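Worksheet for the structure shown next.
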Amino acid sequence: MQRIGVFVCWCGSNIAGTVDVKAVAEALKAEPGVVYSTDYQYMCSQAGQNLIIDAVKEHNLTGLVICSCSPRMHEATFRKTAAAAGLNPYMVEIANIREQCSWVHKEMPVGTEKAIILGKAAVAKVNLNTPLTPGESPVTKRALVIGGGIAGIQTALDIADAGFPVDIVETKPTIGGKMAQLDKTFPTLDCAACILTPKMVDVAQHEKIRIFSYSEVTDVKGFVGNFDVTIKKKARFVDETKCTGCGDCVDKCPMKKNPNEFNMGMDNRSAIYIPFAQAVPKVATIDAGACTMLKKGKCGLCSKVCGAGAIDYTQKDEFIEEKYGAIVVATGFNPISMDKFDEYAYNQSKDVITSLEFERLTNAAGPTQGKLLRPSDGKHPHKIVFVQCVGSRCAACAEKGKEYCSKICCMYTAKHAMLTRDKYPDTEVYVFYIDVRTPGKNFDEFYRRAVEEYGVNYIKGMVGKIVPEGDVLKVQASDLISNKQLHIDADLVVLAAAIEPDKSARPLATMLTASMDTNDFFTEAHPKLRPVESPTAGVFLSGACQGPKDIPETVSQAGAAASKVIGLLCKDKLTGNPCIASANEMMCNGCSSCERVCPYGAITYSDKEFRMPDRTTQIRRVASVNPAVCQGCGACTVACPSGAMDLRGFANNQIMAEVDAICK
Amino acid sequence: MKFSYFPGCTLKNKAKDLDFYARRSAELLGAELEEIENWQCCGGVFTTSRDEVATKLSSVRALKDTQAKGQALVSVCSACHNVIKQTNHAMQTDKAFADKVNRYMAEESDYNGETEVLHYLEMLRDKVGFDTLKEKVVNPLKGKKIGAYYGCLLLRPNTVMGMDDPENPTIMEDLIKALGATPVVYANRNECCGGYIAVESPELAKKRSNAVVENAKAQGAEMIITACPLCKYNLIKNGADIPVVYFTELLAEALGIKEDANE
Amino acid sequence: MQMKEYKPLIVAFCCNWCSYAGADLAGNNRLNYPADVKIIRVPCSCRVNPMFILRAFQRGADGVILCGCHPGDCHYTSGNYYTRRRMAMLFSMLDYLGIERERTRVEWVSAAEGAKFAATMNDFVAQVTALGENKRLEDLRCKR
Amino acid sequence: MQKITRDQLITKAVELLSNGTVSAVLGWQKGEFDYDITPAVFTTEEEIKNNFVYNDFCGANFSKYLVAKTKKLEGKILVFLKPCDTYSFNQLLTEHRFDREKVYAVAIGCEGMADVVKLKNKVDGIISIDYKDDAMYVDTLYDGTVKVDYADVLAERCINCKSKKCVAYDELMGEDGEVIDSARFDEVARLEAMTPDERFAFWQNELSRCIRCNACRDACPACTCEKCVFDNPNSGVENKAPANSFEEQMFHIIRAYHVAGRCTDCGECSRVCPQNIPLHLLNRKFIKDINECYGEYQAGAEVGSRAPLVDYTEGDLEPGEVFERGDNNA
Amino acid sequence: MNKKNLREEIILRSGVNPKKCMKCGKCSATCPAYDEMEYHPHQFVNMVDTGDIEPLLNSDSLYKCLTCFACVDRCPRGVEPAKLVEAVRLSVIRKQGENHLTANDIPALLDDETPQQLLVSAFRKYTK
């Protein structure tokens, strides 16, 4: 039998104004298990807490009921008080007689009667409380970063600098991601390569970082602190340890007509290739679909010219298994396909391009060596139209566009427009926009400079139709401010395509049991307070996989994710929330109902031997809950037909006792 | 393959060619077009308003008649197809509207948009197959550079019509290829010719029609094909200086059955 | 002899993250609702076993309402989706047995919807009051 | 009259037992009366030849027995499954309730089983029954031999048979049938169409007869819990004997709820109820609701399917909307 | 009919929710009849939304819409301006004596090639 102390708080007049606190304390004295009952002006004050501690000692209390404000307010406070008094912190229950009683009822008798009933329910529950101790599990002190763009790079560097080993898995042959394809970065206009490539080198040289390029994650098991991950290293037919990146093979390869992904298909690369000069690792990769040696067994030129003997046509996909304590998702984004927007003639004219293609056109390492030339005829364009929000903010049809704002387009378009006017002042530049969205440090100033100093024509309105005719692009658009329809004969049109999460994110989310929103962006544990954590413990989010982001935001989120990972890896043991589910093996049927409803994959099954009353043994399949993974929602407890699954702190008999006390 | 066929008023009159060659070609391709008995004019344009009931009844009657025969409904005129298909969609999706219509018709069974509605082009693509068609071509139109003119009625509204990508359609280009000619893609192929505005504002119709023809020519078209009598009228009346013909004429020519329809 | 005014007994199960916080917000904003409503805190609406609801009726409750996060907003991502199915089936069964369907309700109340919480409780209490005492599901032994 | 005969089954059982495929046979044996059949485990040829019976009263669904029997046995056990039993068999496999490797399942076509109660309502003092092709001939104490048409004593669950298809077996005897578009929900719909007062009266009348013998639970192939909540002092609902009408209702609501989405509608609950309470109407209500709200679902149709109550879609209907379907009587 | 009722009636008849408009102007950008119109598609949406419908009732713009559905298909928010134009037009031509086209107008419009379709369509759009 418990020895329960009841402590009724006045909360000044907040409670005492509508609830006769003395009557409540008096009434609860008669409840089973209650050996002490009192009231006080401010129970949460130091004096109030001391009163509780003294009472515990004086009356040998084993459980506490605090009739006060909402447990969401002070449950943690009173648990600490209980601990200070030498009690298990989970031997405390709060009766919420302020928010749910004194503040919502006006008459003293009504409030008092309800407060007594709420107190009785809390007493009934505490009678069934048991001391709870959080579970512990070990932590593998190694992190996995999935994605090697700027988000992944920054996260990996920050974790590694704190002294923990990190592996980066990147599907492409090199790390660098989208940022490596960019020319300049807003709003400072520093060159992307100049700030990114040193970081890529840092990654390559960091003793705590391993890069698995041309690789992907194929399986994830385990839980926070203890993930077992399988990584597939795709065959690149080049021995990474031998290749020096000299490029001789690339020069000699006869299969030169393959669209160059790095330049958005605007020029060609050979079948064996190094994506770009500063690639990390700087190792050649053979495109198996394009190589005649791999397809037909003829050629072998690259192998002949390779001084390092690195070419290996027999290389196979390799599977690596590794343990990690934390996983960071940094799978990034891609521009959406423009196929469904052919009112802008993307498929009809080479001179209608996306912004990322424009980036490559202006990049010194791009297909035109940085000279702004039209893809169709290599002529310099004199009139350029930029169209904003192509596929962004598009709620009409899910297969066409995205309902969200892609966030980065307003700024990079301002950048493109400004740089064009700066380099080629003879070029007329038009930007059609719905709204110009520039929240960010120095962002609006940047956009205004494009208008005021560089003379970019910003027109509020959308483009409705682009008609390629001869060598011009007839742009038909609306100017909402002057209420006119405009007709512009442009030489080049640049579409600010909406961005979407990388296609690899969806299967990865399934492997990680991490949740996604309807747009396939990863969901954060809390949109405001836990923005870099996934709801799945031990899985963290970095960069655009969580939502559209620019570089500064991505880098800060990458750092934040890293600090969360470091915080996790610093721990030797993880302590969990003790209010979690547990299965009574004697009653468990092994039916898998609980497993199916668990949002966290916390429940597993194993065959166990049981001694039966007739001294025989039986092997039964029974559930067990991983305390490090369970978050304590209780979905399993209701799915379980036998009642074998119960939730600590909110047990069946505890809730039933509350029901009984209320309905008495 | 048997289909219910809704020709429409213009096809019985000014656009006999469109009808005649459609029937002849279908016959050759093994598609039987059974003309719906006592069909009534579709009205030319679909009235989008949900409280317009009477203007949609002729379409519903044709659809219901087709349903009773258990066939798909085929029409060749863009306008008829558009009106019937949109009406069918409204019967499927707008319950309040369908109730009104069914109460008005007061027939034994209600109609809720069960009939499949096809344009002749869809019949060629999805039922006959362009590959089959290609095999039947005896007179390939080699070297002809042809611009397909879709106009608006075949493609829009896309959520209802669903024939093809409304901004980058290929069905007529694929037909042109199957007939052995070279399609010319031009952006204005899905822009409006002016339509019935020829009554209200002939200048506007002229402007729109010219934009279509000029764009087609600039991209290299030597001939324009269409499925719509009004499109053809507007383009020619407003001074098209390349031939504008019905796609069925071209089809018949390639199949080797071209002859004078007005005989 | 004067009839005592009938006051129903309402048990409200509220999930900790949304609806319980919504109830707190109703308190913060001093939005009144009848004291007949007694709230039991559960971590998630999916913790509520149909047995709890039947037990409440057995012990004399006149109405039982279950509040959780809006579908899609569950703190545990999917708990309330299960709640939705379970309660739909349970309520339908109670109805099938001839028990008044107005005695049970599920309402999604977010942490920001203090006003909705109070309005819901006012409405539900009025609804149950109109029905009168729960005769069909009471247990005479346990009646107040 | 069953097409598969006792002799065929005995031959099969003896064959499998003697060639070592199985070490035991789960079958039927005669009880006190001819129509009173009980399940039994046979381990020798002799036992089988002497005691094994098979006739129109062999309705018992054996799938549930596998849970306990497979745990105790070395080697395989032979089980005969009628089409409806195969669904239960699959459902138990889905729930990992027995080891498939330890079972040799022979599915047997079924012509529908007879209902003892129906028979007893027709004839008194049954001594023995002769199953002929056209009808059963019942030898009675008082009225001599009485001819009874099979159709007149066909069990309700067989009149509304949902499927003659065997969905699981190692070997099939007789012909496999098809899933049947049955009228099994008509009675549920009839109840749904009543007023709440009428429904309450109906169920009050039915459930008040309950004596809480637990036969429904003990026969139910979905009720295989290691420990039932009603027997568990810690569950909060322990209740071994009902004290009042509510508790009868509570027991049956909870039982139906616990098997909702898992019940294959085999009808054992109603068959074994000594008070003839139509318990299957509770289970069928859940099945009907699930079909209407979440799409057609037949528990046990395939192994590994996800039961509707441990599943969801984002667009599920709201609990309040459950009443708005069709013309549910308000 | 008062202002608010007319707005509600037009919204109900057209099935269009003008609140969905994000004022991007793509409807007007794509409209082939733009230059002939006093009020352009985006203005129709805005004016119906704000209840400022009187000027539309009296404007010739009602008869310039080609019903080509370019605005319907290209609107990023699914607003369907063409349906609004038609709903407003019906509010006018359904009144007695407000037909925009009469049989007497026809002979002047005819030529040898005029397809029936043209006349039928025009009557359907401009008369009741």
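A few remarks follow.
Letters A, B, C, D and E mark the chains as written, and numbering starts fresh at 1 in each.
The criterion applied here is as follows: contacts are C-beta pairs under 8 Å (C-beta built on N, C-alpha and C of every residue); 3 or more make two chains touch, one makes a residue touch a chain.
From a predicted model like this one, the values you see are computed outputs, not experimental measurements.
Traced through touching neighbours, the fewest hops from chain C to chain E number 2.
Contacts with chain B and chain E are shared by A.
A simple rule picks the central chain: find each chain's mean C-alpha point, then take the one closest to the mean of all protein C-alpha atoms, which gives A. Using the average of C-alpha coordinates as each chain's centre, D ends up farthest from chain E.
The distance from the centre of chain A to the centre of chain D, each centre being the mean of the chain's C-alpha atoms, comes to 49 Å.
Computed centre separation for the pair chain D/chain E is 66 angstrom, with centres defined by C-alpha atoms.
For chain B, residues touching at least two other chains, in rising order: 167, 191. For chain C, the set of residues that touch two or more other chains comprises 50-51, 55, 78, 82, 86.
In chain D, the residues that touch at least two other chains are 229, 235-237, 309-311. All chain pairs in contact, by the document's touch criterion: A-B, A-C, A-D, A-E, B-E, C-D. For chain D in complex with chain C, the touching residues are 188, 191-192, 196-204, 229, 235-237, 243-244, 246-247, 249-250, 253-254, 256-257, 260, 282, 285-286, 289-290, 293-294, 308-314, 316-323, 328. Of all residues in chain C, those touching chain A in their complex are 9, 11, 16, 20-21, 23-28, 30-33, 35, 38-44, 46-52, 55-56, 59-61, 75-79, 82, 86, 118, 142, 144. Those residues of chain E that touch chain B in the complex are listed here as 12-15, 32-33, 36, 63-64, 66-70, 72-73, 80, 82-83, 86-87, 90, 100-101, 105, 109, 111, 113-126. Residues 159, 165, 167-168, 185-188, 191, 211, 214-215, 218-219 of chain B touch chain A in their complex. Those residues of chain D lying in contact with chain A across their complex are 71-72, 94-97, 224-229, 232, 234-237, 258-259, 306-307, 309-311.
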